[in-house]
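Going by the order they are written in, the chains are A, B and C; count residues from 1 in each one.
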Amino acid sequence: MQHFLTTADWSRSRLQSILDDARDLKAEPYQARLRNKTIALIFFNPSLRTRSSFDIGAHQLGAHAVVLEPGKGSWPMEFELGSVMDQNAEEHVREAARVLSRYCDLIAVRAFPKFQDWSVDRQDKIIHAFAEHATVPVINMETITHPCQELALMLTLQERLGMVDGMKFVLTWTYHPKPLNTAVANSALMIAAKFGMDVTLLCPNEDYRLDERYMGLAQEYTSSQGRSLTVTHNIEEAYSGAHVVYAKSWGALPYFGRWDEEKPVRDAHKHFIVDAEKMALTDNAFFSHCLPCRRNVKVTDEVIDGPNSLVIEEAENRLHVQKALMSELITP
Amino acid sequence: MQHFLTTADWSRSRLQSILDDARDLKAEPYQARLRNKTIALIFFNPSLRTRSSFDIGAHQLGAHAVVLEPGKGSWPMEFELGSVMDQNAEEHVREAARVLSRYCDLIAVRAFPKFQDWSVDRQDKIIHAFAEHATVPVINMETITHPCQELALMLTLQERLGMVDGMKFVLTWTYHPKPLNTAVANSALMIAAKFGMDVTLLCPNEDYRLDERYMGLAQEYTSSQGRSLTVTHNIEEAYSGAHVVYAKSWGALPYFGRWDEEKPVRDAHKHFIVDAEKMALTDNAFFSHCLPCRRNVKVTDEVIDGPNSLVIEEAENRLHVQKALMSELITP
Amino acid sequence: MQHFLTTADWSRSRLQSILDDARDLKAEPYQARLRNKTIALIFFNPSLRTRSSFDIGAHQLGAHAVVLEPGKGSWPMEFELGSVMDQNAEEHVREAARVLSRYCDLIAVRAFPKFQDWSVDRQDKIIHAFAEHATVPVINMETITHPCQELALMLTLQERLGMVDGMKFVLTWTYHPKPLNTAVANSALMIAAKFGMDVTLLCPNEDYRLDERYMGLAQEYTSSQGRSLTVTHNIEEAYSGAHVVYAKSWGALPYFGRWDEEKPVRDAHKHFIVDAEKMALTDNAFFSHCLPCRRNVKVTDEVIDGPNSLVIEEAENRLHVQKALMSELITP
C-alpha cells in the first residue's frame, strides 16, 4: 500500500506511467476498474474542481465517492497523538482515519495551512496524520503542496510539447489581494524540475523564495539532470526565451502570520501581472495557472483567453490524472 | 445544443413533448437513457426538492449528479467580463463554466435575485453567464423565473384537467413575512398563458403587478390564442368561477430593495390567504403552490390538506419533468 | 410498512434477525438488494460515520442516497401541525416528508435535542413528525436515542462474546467539557438489557440517572429475563467483574438547559475517565464507545488503543447493521 502525499516520494518514471495511463483514460473515460470501491473525499477547505473531478472520476471508474467536510457537516478534529481532548475537537484523526478505512478503499484529503506559523504549517500534520492512521491509501488534494495539480500540469505540457526536457519553465509570482498558500508554487517548481526542465522562479524579492525544502528538491532534480534552477527578480530576464509561463500568487514566508507587514510589499508588485507585453518576450510560451484565477489581477483577459492559454486543458486533465492515480493506488 | 433558461424560448409544442415524455417516465422511472453522463448542480441558494429531485432523477436515468455550492463548499464567483478581480470573488464564471463543461454533460444553476436593485436582478446575469460560457446545456433551477416548476405545474394540471385551454387560472398573491422572489409568480403567469388558459392575476394593488416583461409575454400568449389576461385587486371577482387557484407571495417591484417601506402594505393584506371561504367561490377549483409553503399564512391547513390540493403531486412531478428535460437536452 | 424509531418497538428476535443478516452482509458486502431504490438522509446535526456509512451502505446494496441538511443547504422546517408559520421556518415537515416519500423509498433522520427543555426534547417531535407524515419507512439516525448504534454495539459484542445473556455490562458516565445528549446512553442501556445482560449504570450521583422511560424499559427487559439493573456511583463496585465497559458522557437531566449550574458537578468527576487501573478490576472486559470520542478525557490512549478496545469494530459494524436494516424496511 502506498500513499500519494507528495511527488517527492515518487520517481519520475512512476509518475510518467501515471501520466501515460491518464492519456488512455482521457481517450476512454468509462472503465469499470474500481467497481465496488468507495472513495472518501475530506475537505477542510473549499473546492470546485477538486471536489467535482474526484467525485466524477470515481464514478467514471465504477467507484462511489462520499464528500465529508469536518467542522461543517462533520465533527471538528484533533491531530496530535497523546493530547488531552478537552478543547473544541470532538474526534481524533486516529479514529476518523481508521473508521473511514473500514468503509472506504481510499481517502483523499484537502487541508490548507492555517497561515499563522509556517514552522507549524510546513510539517503538514493533517495529511500525515491521515496517512499514519489510515489503513488504505491516502491522496493529497492540496495541503502545502498540490501533487494532483502537478500531474495535471505535466500531462498538459506533454500534450502540447512532448517531452519537456531542457525547455524553459518560468514560475512567476503574481499579485493577489490576500496572502495565498505556497502549495501550487512549491508543486510547480518540483514537477518542472523533476521532468528535466530549466526552471526559473520569478518573484519580487528574496522574501518570496519558496521554502528551502522545495527549493532544495528542485535544485537536486535539475542538477542531477544537467538542468538549471534560477531565481530572479528581473521580469525581462525571466520571460526571455521561456517556453512555459506558470503564474501563481503566494504569501512571503518571512512575513508568515504577520500579513499586514507584507501587504505594502505585495501591493508594490501589482505589475507582476502576466500580460501580452511580457509574453511577447518569450519563445511563444504557453501560459497556465491552476484555477481559480483572478482575472486582470494575476493575468490579463487577453492572455488567459489567448490561444496559448492552457488553463482549461490543465483543469480538465485533473480529472484524467486523478483517475489514473486512484487506479494505481487501489489496484496497483 | 440548447439551454433551458426560460420557457419563453421554447414553443408550446416542444414543451408539450417534454410533458408527454415526463408522463412516460412517471410510468417507468428507471430508464438508462443517460448512462455515462454527468450533471453538475450549482446552488447559490438553498433547496430541498430541486436538489433531491435533480439528483435522484439523474440517477434514475443512469447519470451521476454532483452538487456544488459556490461561496460555501466552493469558491465565491465573479460574473462580469473584463472585471478586475481584486474583491471577494476568487473564480470567474468563465473558467468555472468551461471547466465544468469538460467534466459534465449538463450544468443546472439556481441563483436567486440579490433583492437590492431590480434593474440589475432582472438581467439574470448569473444564469446567462453560465449559458454564455458553458459548452454544454444549462438548465435554470430558479433565478427570476422557475421554468422547471412551470413544467411540473402544467403536467399536474393536465393530469387532472386534460388540455387546459380556456380554463380560468388565478394566480393570487398571498402574504409572507418577507418580500419574496417573483420567480414562481412570473413563471405561473407565463405557463398558464402559454397553454391557453384565461389568466387572472390577483394582487393587493398596482404595485404588485409583475415585471412588464412577463406581463407582456402573458398578454401575447393569451391574445394570440383568443384568451384573456386580467389583473384585479378584487378577491371575489378573481376567485369566481376559477378552475385553478395558484398561490404565491412576492415583493412589490416599486419597493425593491426598500422593503421597510413595503412592509405596511404587505401587512395590510394578510387576508389574501387562500381559505375555504374563498375557494367556495370557485368552480370547485384545484389549489396549488410550488412549496415550500407557510401554512396558515399563505393557505389554511383545510385547503392545502383538502382533496383539491395538488401541492404534493406538483412537487412529485418536478422529478418527472426534469428527467424528461435532461433527456431532451443531453440526447435531443 | 414499519419505521425504525427506537428498538423499544422491536422484539429481541426481530432485532436478532437483523444482526444475523448484518453478519451475512459483512461477509458479502455487495448485494444488489436495493437496486433502483433511493434513500434520503436528513441531517439537522453534524455527522461523519452516520453520513458516510448510510451513503456507502446504500450504494453497496445498489441504492442511491441523497444528503439533505435543513437550515443549511435546505429550508428551515416547522414540525407542529396547525401552527401559523409566520416565523423562521419556510417549510412544514408535512410537505417535506410527503414530497420526499414521492422521491425516495426510505427517509433517515438525525435530529438532536435542542438542550433547552427536556420535557420538550423527550417528546422527540422531529423524528415522530417525519414518521407520521412520511409514506415510506423512517429510520432514526440519532435523536434522543441512537438505535443504529445499538445494533452496531450488539453485533460487535456477539462477534466477540457470542450470546451475551448474563454477562455484566457497565455503562459508565464520563467527563466531557460540554453537556451531551443522553441518546447513546439511553440506547446502550436498552440494548444491553434487551439482550439479557446484567446491566450496571455507573454515574456521579442520582442527578445523572437517565430518563425514567429508558430506566423503566431497562428494568422491564432485565426483570423479565431474570437479570438485574443496578445503578451505582461507586466506581470499584461497577467495574468489578465486568465483561463489557461502555463509556459515554451526558448532561444531568435535572440541570437541563441550566448547564452553568451543572458544570461544577461535572468538573468534579473528571476521574470517571476509563483507564487501565479501572479496567484491571474487570473480568478482562472489552471496552467500547460510540465515537467520536475525546481521548484522555473520556478514556486514556492506553485503553482505547488496547487489545480489548472495540471502538473501531463497533463503528465498522454501523455499516453492516444499517444495510441489514434498510434491506428489512424496504423489502421486508
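Everything that follows uses one rule, which is that a residue touches a chain if its C-beta (ideal position, glycine included) is under 8 Å from a C-beta of that chain, and two chains touch if they have at least 3 such contacts.
Here the structure is a predicted model, which is why all the values come from computation and not from measurement.
When chain B is fitted to chain C on its Cα atoms, the angle of the rotation, on a 0 to 180 scale and to the nearest 5, is 120 degrees. Where the sister copies chain A and chain B meet, the same residue numbers recur on both sides for under half of the interface positions.
The distance from the centre of chain A to the centre of chain B, each centre being the mean of the chain's C-alpha atoms, comes to 40 Å. Of all residues in chain A, those that touch two or more other chains are 72. For chain C in complex with chain A, the touching residues are 29-30, 43, 46-49, 51-53, 55-56, 59-60, 67, 69, 177, 291-297, 301, 311-312, 315-316, 319. On chain C, the positions that touch chain B within their shared complex are 36, 38, 40, 64, 66, 68, 70, 72-75, 78, 81-87, 89-92, 94-96, 98-100, 102-104.
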